[in-house]
Each structure stands twice: as C-alpha cells, then as structure tokens.
C-alpha cells in the first residue's frame, strides 16, 4: 500500500498524519480477503487516477449510511435528526441497520468499556472506507465523566476519529455541521482514519487491550 | 485490599455465562444477540436469545453498556456539583432525576418548606412537560418498531416543538439542569405560556390522526392485542408501577398516591386500561398524553405570575447537610422513580441510589416474558415496557 | 392482611405507627424513625431481618419490595443494606436498614420472597462485593465486564486513581477535583473535611 | 423481427426500465418522506447510492453460493421483464413475449427469490435463515391468490399467452380485466402488496426485528447488483400487471403512467400501516384474497 504523499491529498488510500506512530504494521490483512475493489496495484496515469479518485470520493461523500448503534446518550438526538424536523436524509444520510452496509459510525457520547468491545467489533466489520463521527465532550477528553472508572476518556486512542462534534449534548444542527465537515473531508480525500487504523493496527490493539481486560476478540473482525 | 478477584469470593463456582449451563444444547436452537447494535433495541442494551425458528425459547437481558458510575461520581462531588450530572441518569427524561435529587437534599437539610410557591409550580410544569414529551416519543416508537415510519416522524416532530419550549425555559434541549436546590434556575420568559399553549394545540390537533394511524389501525390491533401480557399477579411481586401497571386496570399513580409538588391542587385522572397487553399500554399512554396536556394547561393558568422562583441558597462551597437517610419518589413516564439518599453530615452525598421502573421491566419481567414470544414482538414489547438502559445501570 | 391480635391494618388512622407497633410487639424494640407521612425507617439487627421481611410479605399489605440497596460505612467497618418495603394500597413504605460486618460481607437472600430481588442482589454483589448465598446469579457479571479490581462502589475504591492507572487522558486536561480546587482558591475556609 | 436486433432492442429496453426503476425508487423515497413530513432525499439518490456501493470495498466473502444469490435475483428480475410486452403493437418493445407465457414469468419470479434464499442461507448469520423462512412462507401465501387470478384470466382467454390476454382488453376501458373480472383483479392487487414488500407485508427484512433479513451479510457490490435486480423485477411486475389488468399501453407515456399508478398503490398502503407477523400475513393472503381469486375463476366460468 502506498505511503502518504502530500502532493496527492485526494487519494483516500494514502496515510494521514495524526497522533499514532506510523508503520507499526505494514498493512492489515485486507489484501488477503479483499474480494472486489482492491485498487492497490492498478497502473494508471496519475491524472486519470486523480480524476477517478475525485469521482469516487464524491460518490462516497454523497451517500453516507449511518450505523444504527446508539452507543451513548447522544443517540437520543439522532431520532430528531432523522425525522421530520431536521431531516438528515436530504443530505443522503440514511440509517443502515447492519455494519456490513454502513459507512459512518456515530459514537454518540462516552463509551463504557463494555460498549467499546462491541464498538470495535462493529467498526471492523464495516467495509472500507469508513468514517467515525464522535459526538460530545466525553469522547474528546472524558467530559463530565473524567473520573468515572468505567468510561474511556480519549476516543482516538482506540478508534480513528474523523470528525469530533463537541457539546453535551450536541444539538442536531451541530451534528449536521459535523457531517458537512466530514463530507468535505471525504471529497478532498482527507478523511482516511480507516486507513490509519489498518496501518497502525497494533498500536490501536495495544491501547484497546489496555482497557479491555478480558480480550476475546479475534485479531481482526471480518 | 488492592486487587479484588472474584475467584476468591464465595459463590464463584456459580459463575456461568449461559443460563442452564450443563444442560445439553438443542440442535434446533439458534443463538442470537438482539443488540446492542440493533435498530430495534431500546437504547444500548442487549438480549441474548435462543431461538427455534421465529419463536424465542429463552433469553437473558444484558445491561451495563451505559454504566458511568453516577452513584460513585456523586459521592465524590459537592452537592451543587451533582446537579449537572444527575440529569444524565435518564437520558430521555432528565427532569425527574433532577427533581428527585433536589427534593431529597431539601428534605434532609430541612429546607423543603423554603421552596417558593412559584418554584414549585415551575417544577411541576417542567416535570409534566417532560412526561408528555417522553410519552409522545414512546407512542411513535411503539408503532415504529412494527415498521411504520409515518407516526414516529410525526410524534418526534411534535416532541421537538416541546423541546423548543424546554430550550426557551431552561436553555437546553435535552439536558435541562433546570431544577436545582431551592427552586428552579430561571423564571418564565415573557410570552412563554402562549407559545407553549400553541404547541399543545398543535399536538392536540394531530392526536386524532395518530389515533387513526395507531390505535384504530386494524393491523396494529392484530399485532398487539393479547401479545406480551404481563400477568396481574406479578404486579405486587415485582413492584410494577407506571403504565405497565395501569394497563392491568390498577389505578395507582405516584402523583396521586404520594402527593408531591403541586399535584394535589391539580385536577387529573389516573388513566387505566384493561388487558395488560401492548395495546392496553398504548391506550394508557394515549390517554396520558391528553391528561398531560390538560395538566399543563391548568398549571399555566394557576401559576402565580410574580414572586421568587428560587429560595435563598447557602454558600455552595461550604454547604453541609446533616446526617440522615430518606427516600423520595416521583412519577416518571415509565412509573415510579425514587432516590435513596444517605448523607453523613459532610459536604458530599454519602450514598445515592436511583430506583427506576426499568430495572424490573427490562430484566425480571422481560426475561420471564421471553419464552414463547415471537421474535417479531420483542422490540415492540421492549418499547411498551419502556426499558430505558441508562436508568438500569446508571 | 387480618391480624387476630390487632385487627385490620387498613382501619388504623396512622398505618406507620401501627405497623411499627406490631413489629415491636412481635420481633423486638427496633429503633424507628417516622420521617414522613409515607416513610418509616427501622433499624433491624441482622438476625431479625428475614423474619420481619417474610412476615411483612406474607401477612401484611407490605407486599412490594421497592428497592434494595447497600451503603458502605467504611469508618464503622460495616455495610448497611436498605430494604424499602411498600404497601401500595395503604401508600406507606418501611425503610428497613440492616448493618452487616464489612469483613464478612454476607447476607441472606430475599429472592424467595420477591423475584426481583435477584437483580438487586446481583448488582449489590457486583458493586459492593456483598454475597447473598442462595440467590441466583451471584457472581455473574451484571453491569461490569472483565472487572479485576475491588467492587467499585466500596468507599475505599478510589476512582480517580483507577482512572489515572487505566484510562489515559488527553494531554492538557487537568483534574479539577472540587476539594482541591476550592482549597486552592479559597484557602482553608472553603476546605471542609 | 430478426433475433439479433431483437436482443439489442430488448437489452436497450431493459436498460431504460432499470433506470426507470431507479427513478421510481427515488420518487418513492421522496413521496414517503413527504407523507412523513420530511423533505426527503434527492430524486437521484438511488444512483448515488449505487455509485457509492460500487466504489466501496467488499471485506468479506461467504463462498460462491453467497455471491451467486444476487445474481439469481437479478436474473429473475430481468427474466420477468424481457418476457412482457411494454407497448402494444411495437415489436421493438415487446421483448420475448412471443416466446414465453405467464407460467414462465411466474417461474422467473420464484426463481429470483429462491436463488436469493439459497445465497443468503450461506451467509451464516442467524438473521438470514430467519428472513429466508419468513420470505418463503409469505411468498407461498401470496402466490396462491395471484395464481388463482392468473388462472381466471387465462381461463377466460383460453391461453396463458400474455399477448392474447392483452388482445381481449382492447375494447374500451370497461373491457380491461380490472373491470371485466373485478374479483381476479382484487386478488391480484392484494397479492401485489405482498410481492412489493411494503408494509404491512415487509416482514422479510424488518429492520427492527431481523435487520434487513436475508441480505444481512451482503455488502457493497452485491447490494448494487440486488438494486439492479430489484428495479428490473419491479418494473417487470408492474408491466405484467399493466398488461394483465389495465389493458396494456398504446404508447410509452401511457406505460409510464400506468406503471407509476400500480406501483404507488402499494406505496400508499405501506405508508399508513405497521407490519404483520408472518403467520398473520399468511392468514391474510389465504383468506380474502384467495376467496376473491376463487370467485374470479368462478366468474370466468359463469361469463362463458
């Protein structure tokens, strides 16, 4: 897989620079089981590749299926968001009932350790590329649960977060704004936390195993 | 004791991941996790099911996905610092827990008579609005679990107009942090009553259509009548309260039986239905929507326009409450919610425990209703019992 | 419902006084505190609690267990179990409080009297480490998963220290413990022990 | 018409039909949203969804049978469509209707669902077999009134040939089978509610019970193939109903309008009802619609 090239930020398959150390694992086992759509070794002229990537990213940004998993209290604002007052389907953001058919994971608030296990499982089952929107102050730095023994404090140690929406709890308008940031980033090819996750799987696993004491997940959840 | 290990505890050998461990597994059974990632689950909880075809053989409820340790956190915080976090205990209906905390602390500090008249009226108003918005949400959600999108969209929007009123009154859409020690935090804004009245009119105008879509719908009746009946003899044994109890035809309501705030001065009836099935519970909720609207209208008329809305508070930094214990209760949309409050004379709470109706509804009742249920009815049953996980695990 | 010695409980003007008098007659002179019109607190010794509860459950209108919870009195070396038993038709509740030895945290289960006590006892077992022999699901994780530390609701469990040890925080976030903060800002005057 | 031009025209017609199916799908989402008081997604949202599904990666495969499921489904849908004449007297839009009859069409309708069931059963997720068993039992139930209705029409004409059935309806509006044999029409249009899988008969993929049912494990490109198959099947079914009951169409415009009208019959019913359980929907289809179907057959005999 290609390394991050600052000259081609549109390319979703290159690596971003965020806080985790890079290259702890060459690549997660995508290529072994990737059945369709593996575009790693296709030789194409860069111009054409860039144009194709732009079109692909536009499609990805215009149809974001949100996984139906209310992980925290922010989930109560997702129903108003999807119903008639703040109808989010007008942006092409419907809900998706299973991880296999969804693209965006809304982490709606604090994550208890028990939920984190399920969240990791669901996140890894989602097809690439996938994005994480984190709601609320508690995903950023613990919020008002900074001294709670059962919630994690910093979400991006465990999952790659593309957009944070702050507030407790964030209003539906704030979430819509967050989605617009996400769409812009996806269109520019900048929202590639999923790829960062694959590249640094071991680092993430180490962090995850630090809080999940009875780790019984497989190496990677397909 | 630094590291606690279950293996050293008595009863460790009773640990079993599955119920009836040791019995042979029926090859016809399929094990299925209903949740936590599931569109039909209420909140973030899960039910582990053993299915045979569409029929549930048995199941266990798993909670704890939302545990934040509120009771521990509140033991560490000063009294006034507990108010912002207490409303997070029940996400859908934060005002009940706010009121319970305020009133239990007032009672223990002996200042429960100091709450001004208007503060009490405003508390009653907010609690009743809160009940109304949750009941609307559940009415829509009830039929939403059966695959109709129209009614939930309507009721959620109506609820959203109520949330606008909350926002105007308290500054927050979902978490209000409005009821504090000694009264409430803000006065009414000018013209609030008219705007709330308009919202109530709007809800009332839509109610006949909702009746046609939900209660009068032949499909809904077929789906719900005689389904998930809670036997009447469970009522006392399991301490059932709220709409689940009133759907059995038992007219018990904390607002009337243990009068608090301004409810004794208000004229309302306790809505009951017969049958104790999902349909009866929906009927009770439908009647309670009308009753709540009626109550809110009365409150708006009877509330004094002038006067203080909050008592004079002690210095919050040095405030202590004498040792004691109490139990206060209030009627939420799900049933009786109560706070056990224990203080020890210091500036923090010694122990606080939320008693919620979901606690028995989601675990004890649901698990006993599961065998023989069709998996198609599980989601509707959970909504009709209003299993609210943040209140179970806190 | 009907007691031969005393007559019907429903007829008495003050149900709280009456039920406490009957408990005193039958079981012994437990300290009682009449807190509200609908709440009486009784401190019952551990050996008497099950007889009192079974008597209330079977022979009086106090048929509902509204809640069961525990308080950790670390200074006294004791746990306190609080049973709230309610007579729904008479609208009176009894708060029965039992002190247990903290070192030997074991209490008798009331699962046979109330089905729902199963869940309460499961939670108390998990959160306080009090064991209820005979109750189903003792030791089965209810809320926590993979918990290896001491039960978190005990007073000597320090949640901040646990967080510092287990959950990394974002650089730049300060702990604002209220006591420390008040003490720093207002001096000893604001700092209360 | 020669075979090869015919194949060419049929493929072109199929392509247009699939696109029309996509647009109708977008329109349905919009109309449903408006009934619910929402603004709704754009009309071309199905195209965007389709494009997105094609550029996402598939991460898991459950064996070749699982992969073949959507292919069977699409083949079934396309098979129905190529066998129906869209516009009367226009051989370029008649497809292969002269080579097959109603029985073959119904075979294709079964074939798609059965193939999908085979593929979905391979997924290994408990939701899939539950959804498959629900779907197959409901399908068996609604096929009963539908077959009775078809038999009634065929008995009236004396042939299963769809062109012959159209030909009997060309004597004014009242000669349409919708009015000529109202019992058979009632049976068939009630069965259509079940075929289209809108509420109250959307038990197969009920999201709040067994999320998306048989298609639980299907991912991006599989889903896009299923979208294509569903569009073809939907348009094929609507054209078949138009030919059977609404007297066919004399122009493309009339066909477009009639297809839309038939489709929205089930959409509007679906907007205002919750869904039945499996046994309730089976009971529903085997009660009044079947009685209507029997009455339709008897009516045909009586008219003769």
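Note that the chains take the letters A, B, C and D in the order they are written out, and that residue 1 is the start of every chain.
One rule holds in what follows: a residue touches a chain if its C-beta (ideal position, glycine included) is under 8 Å from a C-beta of that chain, and two chains touch if they have at least 3 such contacts.
What you see is a predicted model; the values in this text were computed from it and never measured.
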{"item": "Chain with minimal offset from the mean of all protein Cα atoms", "value": "B"}
{"item": "Mean-CA-position distance for chain D and chain B (Å)", "value": "44"}
{"item": "Distance between chain centroids, defined by C-alpha means - chain A, chain B (Å)", "value": "32"}
{"item": "Centroid distance [mean C-alpha coordinates] between chain D and chain A, Å", "value": "37"}
{"item": "Residues of chain D engaged with two or more neighbouring chains", "value": "36-38, 207, 211"}
{"item": "In chain B, residues with contacts to at least two other chains", "value": "38-39, 64, 67, 69, 72-73, 76, 153-154, 157"}
{"item": "Multi-partner residues of chain A (each touching 2 or more other chains)", "value": "68, 83-84, 97-98, 114, 147-151"}
{"item": "Interchain contacts, given as pairs of chains that touch", "value": "A-B, A-C, A-D, B-C, B-D"}
{"item": "Chain A - residues contacting chain D, complex", "value": "30, 33-38, 56, 59-60, 62-63, 68, 83-84, 87, 89-90, 92, 94, 97-98, 100-101, 103, 125, 127-129, 222"}
{"item": "In the complex, chain C residues that touch chain A", "value": "143-149, 152, 157, 159-160, 162-163, 166-170, 173, 175, 177"}
{"item": "Of chain C, residues touching chain B in the complex", "value": "35-36, 38-39, 41, 63-67, 69, 71-72, 82, 84, 86, 88, 91, 93, 95, 97, 106, 114-116, 118-120, 125, 129, 131, 133, 136-145, 147-153, 155-157, 159-160, 177-178, 182, 186, 189-190, 192-193"}
{"item": "Of chain B, residues touching chain D in the complex", "value": "30-32, 38-40, 51, 53-54, 143-150, 153-154, 157, 213, 217, 219-220, 222-223, 374-379"}
{"item": "Footprint of chain C on chain B - complex, ascending", "value": "1-6, 9-12, 14-16, 63-64, 67, 69, 71-73, 75-78, 81, 107, 236-239, 252, 257-258, 317-318, 320, 325-327, 336, 338, 340, 342, 346-347, 350-351, 353, 355, 359-360, 363-364, 368, 393"}
